[in-house]
Amino acid sequence: MKTIAHPLSALAERFKLTLHGDGSRLIDGVGTLNGAGPSQLSFLSNSKYAAQLASTRAGVVILGEEHLADCPTAALVAKDPYTAYARIATVFERLPQAPPGVHPSAIVASSAKVSPSASIGPCCVVEENAVIGDDVFLGPHCLVGADCVVGAQSRLVARVTLVTRVSLGMRVLVHPGAVIGSDGFGLAFDRSLADHGGWIKLPQLGGVRIGDDCEIGANTTIDRGALDDTVLEDDVRLDNQIQIAHNVHVGAHTAMAGCAAVAGSARIGRYCMIGGNAGVLGHLELADRVTITAKSLVTHSIREAGEYSSGVPLQENRQWRKNAARFKHLDDHVRRLSALEKDKNHE
Amino acid sequence: MKTIAHPLSALAERFKLTLHGDGSRLIDGVGTLNGAGPSQLSFLSNSKYAAQLASTRAGVVILGEEHLADCPTAALVAKDPYTAYARIATVFERLPQAPPGVHPSAIVASSAKVSPSASIGPCCVVEENAVIGDDVFLGPHCLVGADCVVGAQSRLVARVTLVTRVSLGMRVLVHPGAVIGSDGFGLAFDRSLADHGGWIKLPQLGGVRIGDDCEIGANTTIDRGALDDTVLEDDVRLDNQIQIAHNVHVGAHTAMAGCAAVAGSARIGRYCMIGGNAGVLGHLELADRVTITAKSLVTHSIREAGEYSSGVPLQENRQWRKNAARFKHLDDHVRRLSALEKDKNHE
Amino acid sequence: MKTIAHPLSALAERFKLTLHGDGSRLIDGVGTLNGAGPSQLSFLSNSKYAAQLASTRAGVVILGEEHLADCPTAALVAKDPYTAYARIATVFERLPQAPPGVHPSAIVASSAKVSPSASIGPCCVVEENAVIGDDVFLGPHCLVGADCVVGAQSRLVARVTLVTRVSLGMRVLVHPGAVIGSDGFGLAFDRSLADHGGWIKLPQLGGVRIGDDCEIGANTTIDRGALDDTVLEDDVRLDNQIQIAHNVHVGAHTAMAGCAAVAGSARIGRYCMIGGNAGVLGHLELADRVTITAKSLVTHSIREAGEYSSGVPLQENRQWRKNAARFKHLDDHVRRLSALEKDKNHE
């Protein structure tokens, strides 16, 4: 595959970075400090890797002023080398190119509105009254259900399912296997049914509204609301296999790591960070800028910004078994402690 | 989209509720107490929301006798307002309408038996000897594998995969991305292989049997049995991203919240409630009417109905770290406590 | 469906087992000790089930020398009856048969190379420069993205998505809903964006390399690397709904149970066993032969082989609540204990 080479001077100018070294050097890719070659760009953002700088073979390194003296090759100085790298690296990304238009194998309802600049891939299905905006990319096997809206420049990579009444903002990126707008899990227990009662399903009449610049990971599920909508504000970033139940509201710029789950009607603030496989119970509220560490379970609302955790530390199994067995009687142990204290005070 | 309006008197009669107010009022939808308008129906089932009753603009409210005096609008009195609401709300649900027949893009094996009243959607694949019952709905991109049976009136919303030897009862609802009948995870470690041994796969020769009125959530996975079948009895309700391993047996009317997981050959009773992201280890048995709270891990069989939990509470991270560090030596702490008690008794 | 019957003598010879009993008996299937009939083979590998041997109706039982005297029917004696059973049982597995060639509904890019012996199923999409090896089976609805390679004899059961730059070795088995090669979750926080900062996405320029004889479960997700590749060595076995983040490296012969998750750049050794819903934080290293029990969270690197755990035991909820409440002040309790000890020593 042909790659395009960019002169260093052009990269420096385009991304407003200060160049030290030969501006005519051509750069055609990126790599780690250890792995990059003479035509590649690397970066140093974590001081832990500073030792690798001296021996790098990279053609240029993005770094902070403080590391400039130690750089054996050309350098691009940035205040925040990591975000500078993130921006430049996109230059070298090869996104699937697809011509505008509808693939002959795709099936588009006559009532759907598809922008002429959108690309609808093989085996896609676009149902009644759906709206596909300008420059949208639908990869193979996507389903855009009835009454769904896909905002301009959004990308559904492949095999994404928007069930019904889902609205995506602009530049939303959805990864394969994601299901958005499926029925919320709403049940009423009817004692008059079956032998000792049974379940009745509550129809899920709401939708899902997703803001601009959101990212939804592979095999993530977002249910639609029971009456009102499930909402993700702008710039929410969800990793893979996340579960968002009906009527959840996620504030702007919040990010969740893989396998996190939020139960029904919970309200997460802005700029929150939810760790991997962390959970939030239903109907709770989390303030802005709350961080939940991995695998923690949030069982009460959180009113103040900060970092919160649950769980116990990993140990060698034999030692852990002893401690875990003691936990089963922790209340008794503390009562025994209190009794000793009381005795002592009475001596 | 056109919605149909129902006179209040007709709703009262059909659902056997006592009407207070003008029976000629037309109702065309449902909403929350706060959100519903004059042509919409709302409900009050949780006393927490009783304060919203006075200011509701809803056309009618389903409520218990005890709240009737406080209702500013028409009322439908029910013993259990929530189940009454669940039943009435289905009147206003707009399910995708699909004509009977096979979409031209679907691929149906000649040995498959498809009821003439079934609707087989775009890009569906129905394999050898599959049986599709009356009034079944298969949304786009479904796969009904060889030897599978889909009972009458079942709905596979979209992109559902039944791999092989899966039997669904009547009125089963399966959401997108669900995979039923995939291989169980059965491995034998063969010390004679590779450098220090390797894995041999056990063929998974069983199937999956799912009863009537079950619901299977988005991206949920249910493996088929190794020799016998994996079984869900009637009216089992599974939320999204649940994992049911091979040879699991789930009793009737049991419900599981999102991301729960049950390991191989476990046997769950009837009327159980398994919380979100809870887990059950393999080969265990749970009695009827067992409730497991969210994120708990069941490590031994449970013989008595009741509520069971594991885990530790969420705390601000700094305080949690101190407590968690102490847990690593909990056994030592309790031994020290015992030593103090012994000393005291010897005094 | 027609099944083929095998004389016992032929099975004994083919799998190098010692036969006791009538070699002309015909065997056409397998079953449990309790369930197998006279034309079926069963096995006894777990002594817990030895009591079932006396009453089995199986035509033949694979067992260890020590159980031969108690066997009421023909026997095949094996050193390791479980692996012997695993091998023989494959004889009775009915895998979907598919003729070589491309199904007329599949869409294959002209630049893709597809072996003439491969079978490409209905609605599959094979993109630019993909390579499909000899005897590969792609079930319905699979996507093999640009620049992906599927090694000889691999089976993608159905609805598998290989996004881009994914390479599968030989005999790799991938179950429905698996997504391999999706974008890693790489974000940089840019304080200059939006009101108080926002996220920039880092392009994910690496791929995924999967060795020979690996198995990937249903709805499992494996992200591609940011710069280097995500790697699974040979004979790695992943159950359903596992999440492997970008740049993870998993050593050969390691197995993970359902819903396990490994965060970015973690390095797992060879012959490890990761329990169900266990998690490994990012950038950690696990030595060879490390076992992590179910639902444990690995928060630090592990240098020595062995078994490791975290969590607390399941209890009846009322008792658990008391203990959990005490955990919130565990550090205080231990300080009180130390104070008592100090007092005693000063007496």
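Chains: A, B and C, in written order; residue numbering restarts at 1 for each.
Following the convention adopted for this analysis, a contact is a pair of C-beta atoms (placed from the backbone, for glycine too) under 8 Å apart; a residue touches a chain by one contact, two chains touch by 3 or more.
Model, not experiment: these values are computed from the prediction.
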Inquiry  = Give me the superposition rotation angle from subunit A to subunit B, based on Cα atoms, as a multiple of 5 degrees.
reply    = 120
Classification of the subunit B:subunit C interface as same or different, half of numbers criterion = different
Key: Rounded Å distance between subunit B and subunit C, as computed from the means of their C-alpha atoms   = 25
Message = Can you pull out the residues of subunit B that are in contact with at least two other chains?
response = 105, 123, 141, 159, 177, 219, 241, 259, 277, 311-313, 315, 325, 327, 330, 333, 337, 340
Touch list for subunit A against partner subunit C, complex = 1, 29-32, 35, 80, 82-83, 85-87, 89-90, 92-93, 96, 103, 105, 121-123, 139-141, 157-159, 173, 175-177, 213, 215, 217-219, 234-235, 237, 239-241, 252-253, 255, 257-259, 271, 276-277, 294-295, 311-318, 320-321, 324-325, 327-331, 333-334, 337, 340-341, 344
Query = Can you list the subunit A residues touching subunit B in their complex?
reply = 105, 107, 123, 125, 127, 129, 141, 143, 145-147, 159, 161, 163-164, 177, 179, 182-183, 185-191, 194, 196-203, 205, 219, 221, 223, 227-228, 241, 243, 245, 259, 261, 263, 277, 279, 281, 291-293, 296-300, 306-313, 315, 319, 322-323, 325-327, 330, 333, 336-337, 340, 343
